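Shared between the two complexes below is subunit A, which has subunit B as its partner in the first and subunit C in the second.
Our next item is the complex of A and B:
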């Protein structure tokens, strides 16, 4: 493991440790090696780097003071939500202060009528889900396939998608407003809340885009207002199967045309054997009555896909009540050692066949059981396509294969006309090498303007 | 399929001659003709054979491929241990081991209790629904060898399909079965007799959801009533019972024929409304596939779905394991 550099410029470590204690209290700062060790790791293949301090603030004002301290001493600050990105996005590449935001976990408000939730940045997906189930059973949010410990703000900050991606798009499209601590310490609000109104809309005020997709390099999101959606009494999953990957874009197109589904995911994987070589669709349906459910099933499976079934090209496998979130993490069990990482891309749906075939080739070349998945975003406007690679954490050779496979896949994603979703450092460099030079210059200017000391999550999105 | 005796005779002869028949296209694979045949022949096995030969699959191609792949073991070899006594074969339902508990199963070793390796014990008869007799014939001898390796004196088959495989299909196909099998209901009945002192009448009105594979062992069907009588459960008189039973629709909903999905739904509704009309409080299952297909609808209609083994446990004062 690479050890963290000592604070880059100025600042006696002991003084900084004491200053951090003064800000958040001794129970919420650590410089103990065993704790720094834990925070040095990402769950994927990224090489670990130790932070110098781990701090767990409770308020935006505490974060503000930490940022002031970091600027004075030019110390890197790395915000951490659930720590589940897998791409090394919260690995402290240059040491510094790792901000574990999980203590900021208050659900401040749920507005039943305007359908939004105002959350602190440490609120997890599972926490929000269970809160809504208990207190607001008629509301739901777009829950991603990540484990429930993933934070809502972290997911939005990387343009995540969830199980309402088909009707409502990316989770970052569901933001009504943000509170952000800027890299220079100012606390800013965006959306209707910035003029003292409720947190019910982001529009038509200045955009929050400079904080989404930047991996915490432009500020620390401390509050988020997220749109909620109607939750029907019956929710469940129907399965449809085809054996020709060329048919997948058409099936996506037909199902989205009905506008009857909540979520549409296509997948194929070596393990278990039944899924190998076939393309399974999980189609989430929701209804308030059996009548509504049957109406939706009829439109999708009898009308839109009926000719597939009658020709024998596609099969309906029934509807099961209750949602199971498709967790890519199950792939970790594909081989001994429990490791996995994936490359995600935002890709035109028409590229599914090529993504599947080329991904399978890469997996097979590296001796890894293949696992691919495409989640429909919007009315098939795009899909999030992921290629997952399992490895044995105790076997460096399998980790090397997984890492090489992911680098090849990063390149493949761009070659096929997609963009890389939440790229790690390698993917970021590939994206920036292709970025429009003027866009790149604008990014650099924005970064310099917002973060003149370059303290925010350094290593990520560093424009050369 | 609603046809008279003459038409049935004409069509089965066509099928026997290897010719096409509308029956091959319209068969919903309910297995019932195996029970109905007055000559003790195996019309359904013949239908499946011809469907495969003439390439008239009841299911779409991807579902057949998926089903065939599903039975492929992929998590290592089974741990064969000699039993030298009775054993329960839970086969491809190892994930239902939660049902195997309490006094009834006390001291009874279980073959195939590891869900990772259960397909080494999968009788393969499911592929009758897929028009893939060839897959059954190719794989079944190895499965039989694996089970025989445990050297059990009696193999109690948890699922009707396994019992049907070793007592109907294998003899029909000339496949040797070197172990003795016992139907699950027969085992339950005999265990209840041994535990008779513990039985307290349930005083429940029950309906039985007969699975398709029970058509392969109609001689064991009486145990449903024998058990009910023993535990003080009243089997309510139903329109769709015994020979007139209709299936859960699980194997029909994915079929190619137009209207299959709706037909499956209709069959479930017919079953449940028939149970309701007959005043059933509880619906008994043996087949987990039937259970999962119908449990939601039953619950909505106020009828409690329960496995037969759980009902028996309830009668001797134990708490049912409940469905999962």
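Our next item is the complex of A and C:
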């Protein structure tokens, strides 16, 4: 473990600690070893780095004061949501103030008619799912595959995707408005809310979309308006399987052409053995009646995929009513070691076969059972393809293998013509080495403009 | 420290810290771990405690008062074990308990915990009240001292010494009498059952207490025991058999339900009131008894049972387990789980928050006062409501 760094410039640590207590109260600030230790770790393979203080604010105004304090003393500030990116995106690489935002967890408004939810930044996916199920059963949101403790704002900020990714795209495409504390402390709103209207649309005001995908380096999202979608009375999952990975892009294409599914995911994995070598599809369907459900099933499995089934190239394995909420995969703990990490990429669907084959090779080279998955985004405009590597947290050798496999996979994702989703520092450096120079210069200028003291989540997206 | 000496060395690193342990099953609130709800720092979550324990045992961090506070703020409510999706879930509390045990061995536990355990050792109760006063709760009742009756009524420390709970203990005695139950109490000879002692990591003391109690019960010829407290129920039912006991153990709610269903207890008085029930952890999550209390309340004329959003296995712990009813490491904030819980109860629109646990009774009643809800919400033990329904008040 690397030791905590001292604040870079100025500021007596004791005075800063007291100032933080004055802002949020003593219960919500710590400079004790226990908090510094726990918040130094990402859950993946990223090396830990200790913050100097852990602070858990409750309001944007408190964050604003913390930012003012950090700027005066040039102290790094690292915003943390659920901490479940597994990519080390909220590791305090240069110490500073780690902001745990999860106390800001109020569901401020659900607008049934305009179908949006206004949330504080610490609202978790599970909290929103449960709230909608209990209070607004006709509404749902695009729930990512992350555990329920992942925050909605955090997921949007890293361009996450969820189980409505096929009809509606990235979760970050579902933003109606944001409230952000800028790196210099101003509290700004974007979208219709910025002119005092409801939080129902981001458009058509001038686009200032510079807060998503920036890993907290351009500001701290404190409120988000998220689009909600109709929730049908019947929801469930159909399973379809092919034994040739080359067929997967075509299957994606055919299913998306019907526009009948809510979510389409293809996966293959070593464990359980029956899944190994095969390409399974989970296809979520939703309907308000049995008649509607039958209609959708007919369109997909009789019409779109019928010839696969008739030729014996594909099999329909049935439909199960009721959606399973995301579960941490049991395969993630196959080493009985409590650790896994994955490389996510945004990839052309046509690359599924190569992603599968090359990913499998990497896994086998590192002695890790392979687990790959591709989730369709939009009308097969892209897929989020992930390669997962399990490790044993108590075994440094398995962690090294997982880390090496991750780095190889980062490179593979770019080589195959994709982009890395929520890249860690290594992936960021690979991406920036390929970025158009003018784009890179613009990024640098933007960061300098917004964050003149360079305090926001340093280490991330640092343009050389 | 040497982690190889830790009984759970092989599994403690397997916590992923995914955070399921913080939620109820329906995910409605991330605050279903009472310690996390109170402090909202990852260190106070179940995963945080496990990671810190491993860090301590591998010398990545050193023991501190704060580390001890974090571990002892765990109430052993079992929410984490029920919600954790991994195979290690059955041993989560065992791991925390074992870590507390190492702190006990080294004499490095919070002052509040030390006081608790010292008082148990010296006085047989955590409050430091002389043993001679243990039977004072009986007052002028006609309760009999145990002498070969069918049941021993085990009141427990809180029922014996807390003035508010003494009232409930007496009323339960009266209800049992009304039901024609043959029972007796030990009065000043009763001793702590040790459920909290075990969960605070003092295994040796617990073993001694269990053996002494078993010997005492055997000497008296006890065959059946009915408890006021779910904590006592848990220790006597699940732990004492490991030391050779062979008693039939009932929590009083099951016995009262039997009496009602066999028409031995007549609930004659109409009580037109809305009631919600708070599941005690050691009755619900630890022993899967969710129905008896609800069926009793449903049998009382006029009572309308309204469920809180978090109920049964999803119930939010009051914050009293693991000795915290006495140590109070989770108090002093609107975020204390007891205060959260009474606000949740109030939101159901009820007038009565029913409990079936002495610790819940005291903690939630205190929370009602602190929240300034005295005139809107009354905390009552089910035994008290049944007593009222029997027309004995």
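Just so we're on the same page, the second predicted complex is superposed on the first by the 456 of 464 C-alpha atoms of A that agree within 3 Å, B and C clash if a C-alpha of one lies under 4 Å from a C-alpha of the other, contacts with A are read in each partner's own complex, and residues count from 1 in each chain.
Rule of thumb we're sticking to: a residue touches a chain if its C-beta (ideal position, glycine included) is under 8 Å from a C-beta of that chain, and two chains touch if they have at least 3 such contacts.
These numbers were taken from a predicted model, which means no experiment stands behind them.
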item: Superposition on subunit A - do subunit B and subunit C clash or fit; value: fit
item: First, second, both or neither for A:149, with subunit B first and subunit C second; value: second
item: Which superposed partner A:39 touches (first subunit B, second subunit C, both, neither); value: second
item: Which superposed partner A:191 touches (first subunit B, second subunit C, both, neither); value: neither
item: Touched partner set for A:277, first subunit B, second subunit C, both or neither; value: first
item: Touched partner set for A:394, first subunit B, second subunit C, both or neither; value: second
item: Subunit B versus subunit C as contact partner of A:84, first or second or both or neither; value: second
item: First (subunit B), second (subunit C), both or neither touched by A:427; value: neither
item: Residues of subunit A touched, compared between subunit B and subunit C (which is higher); value: C
item: Touching partner for A:318 - first (subunit B), second (subunit C), both, neither; value: first
item: Minimal inter-chain CA distance - subunit C and subunit B, angstrom; value: 11
item: Residue ranges of subunit C in contact with subunit A within the complex; value: 10-11, 13-20, 22-23, 26-30, 39-43, 48, 51-52, 55, 60-62, 64, 66-67, 70, 85-88, 309, 333
item: Complex interface listing, subunit A residues touching subunit B; value: 241-243, 271-278, 290, 294, 297-298, 301-302, 306, 308-318, 321
item: Subunit A partner contacts - residues on subunit B that touch it in the complex; value: 57, 59-63, 65-67, 69-70, 72, 74, 250, 253-254, 256-258, 260-262, 265, 293, 296, 300
item: Of all residues in subunit A, those that touch subunit C in their complex; value: 1, 27-28, 30, 32-35, 37-39, 41, 43, 54, 56, 82-84, 100, 102-103, 105, 124, 126-127, 129-131, 133-134, 147-149, 325, 327-328, 330, 332-333, 336-340, 392-394
